[in-house]
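The letters A, B and C name the chains in turn, as written, and every chain counts its residues from 1.
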Amino acid sequence: MQQTSILLEFLGTIAFAITAVLAGTEKRIDLLSACVFALVTAVGGGTIRDVIINQPVFWATSQFYIWVPILCAVIAFFWKKIFIRKRVNKLLLYMDAVGISVFAIQAFEKVWNLDYGTPLGPIILGVITAIGGGIMRDVMAGRSNLLLSKELYAIPILIGCVAYAFILNYAPGYSLYSGLFCMVLIFAIRCIAIEERLTVPKWLIST
Amino acid sequence: MQQTSILLEFLGTIAFAITAVLAGTEKRIDLLSACVFALVTAVGGGTIRDVIINQPVFWATSQFYIWVPILCAVIAFFWKKIFIRKRVNKLLLYMDAVGISVFAIQAFEKVWNLDYGTPLGPIILGVITAIGGGIMRDVMAGRSNLLLSKELYAIPILIGCVAYAFILNYAPGYSLYSGLFCMVLIFAIRCIAIEERLTVPKWLIST
Amino acid sequence: MQQTSILLEFLGTIAFAITAVLAGTEKRIDLLSACVFALVTAVGGGTIRDVIINQPVFWATSQFYIWVPILCAVIAFFWKKIFIRKRVNKLLLYMDAVGISVFAIQAFEKVWNLDYGTPLGPIILGVITAIGGGIMRDVMAGRSNLLLSKELYAIPILIGCVAYAFILNYAPGYSLYSGLFCMVLIFAIRCIAIEERLTVPKWLIST
């Protein structure tokens, strides 16, 4: 279980880093900026979470979370052509979906286990962990960010985190597999959104 | 006194949340983004303050500060028409003035009582608490922010916080009502600015 | 040594504050915004560092770091003409080079001595301390930032910090003067970049 979890994080981190470089290189950046964007995207959200809950920042003890984005950034920077191919790009989208599912639910569990601001704290910090880094990257790259797009991206994460809070509160007997279930829930909704090119329904968009 | 204070905070939080949604919906955002903008505006500044002074983030213990902005965001999102009416909009401006006065002075007191970086720390963190969330929202929404406008908004807050520091330092005998006095001072200057459409005087604007 | 170090910090802080005001006043800001931009540039990076490593923020205990930027901001605001003269402007560039060298290496040492995330932690936080404030300022001023420019600015800082980590790891016998050496290294590369108008080499820029 532990190992599967690390493998999924690994996939997610790779996707976060590579997509950050692809997004950044729209603007002709240098290699160091590419690494910065990759790092911000991969560890930015979790860093905000750890600073808020006053825990040691996760990448300080497991430097793996720094090396992987840097390595990915270098590869994506010099072999950009590979990653903009249609098939590879779609694979990245799915790996990114794995990433947001794993990061959100792991963050939720970390905050929930500390009983920090339960129940809203874990939900909010789960969402921040999954999307915070990407928003920071877009702000720093002068691009429009997730909050202004109609893509169905943050809503699945919110649904998964809220579902997890409900299960832990009202059906604690099912808590053993509920984390896994909510991870799959986020991933599944996000996959349907990718496959069917779903956007946020119209009645949920301001006029 | 305690209850009045909570009522004023309540008014301020509502104004912060609703104006955030109105500002965000210029760009056709979805409901979740509206909630994010409302939350960032209402609790963003105080969160930066608590992280800097290394205290538990205020909304983790009093979830009221999260529920109110979310509720307001939902209402403002679906009944936007009400809030863009001239009269209601002006009411919101005054409620916002209440908000910045209360948040700035409360933050000042929190930091001052911890003797954190006295005397500049309480002043700086008072200002950050009042305007930090709004700046974060505008940066995330890709809009021009307060720091680039000529509105008389941050200066009254600074005046109130500096006055408070002076009173506590040089006339501690008056400390009992000085917080209330400085709150009213910020509110009064801001109200005059709203009513008379005052802007920052020309000699204080760069050429 | 201690006194030289404070003098160099002083020069760097002045340069950071004044260039912040000059950058901000492209957009007709008021005096308070000028002070905010000066403060963010001068203490923003170090504040992020201290919050991440969970140490008291440096400017809370040494208010000198706040007064100097404010004073510089006021001077630069009213006597802008002096600082846009070619010679003075070049002097500022060199003082800024002093600043990034000192801030990066001091931050590196602070983090290294806490054994926080060694070896990547000190490198990353050294770079963040030197350039973080400037990026925050540009984001808040709605300007394009360092990460999107081709100037040779962040790379010298990275080289200096990586070199320091190598020396402390593989040649600890030379640790006494290695900090000074790496500071000079950053400064020297940056000076050559200024003098020769060097940009990031083409093969390090994305196509």
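Quick notes
Note that in this section contacts are C-beta pairs under 8 Å (C-beta built on N, C-alpha and C of every residue); 3 or more make two chains touch, one makes a residue touch a chain.
Source: prediction; values computed, not measured.
Comparing the contact residues of chain A and chain C by number shows a mostly separate set, under half of all numbers used being common to the two copies. Rotation relating chain A to chain B, from a C-alpha superposition: 120°, rounded in steps of 5.
The mean-CA centres of chain A and chain C are about 30 angstrom from one another, to the nearest whole unit.
In chain C, the residues touching two or more other chains are 51, 54, 139.
Here chain C touches chain A in the complex through residues 51-52, 54, 116-117, 120-121, 124, 135, 139, 144-145, 147-148, 150, 154-155, 158, 200, 204-207, going by the rule given at the top.
Within the complex formed with chain A, the residues of chain B that make contact are 24-25, 27-34, 36-37, 39, 47, 51, 54, 56-57, 59-61, 63, 66-67, 77, 80, 139-142.
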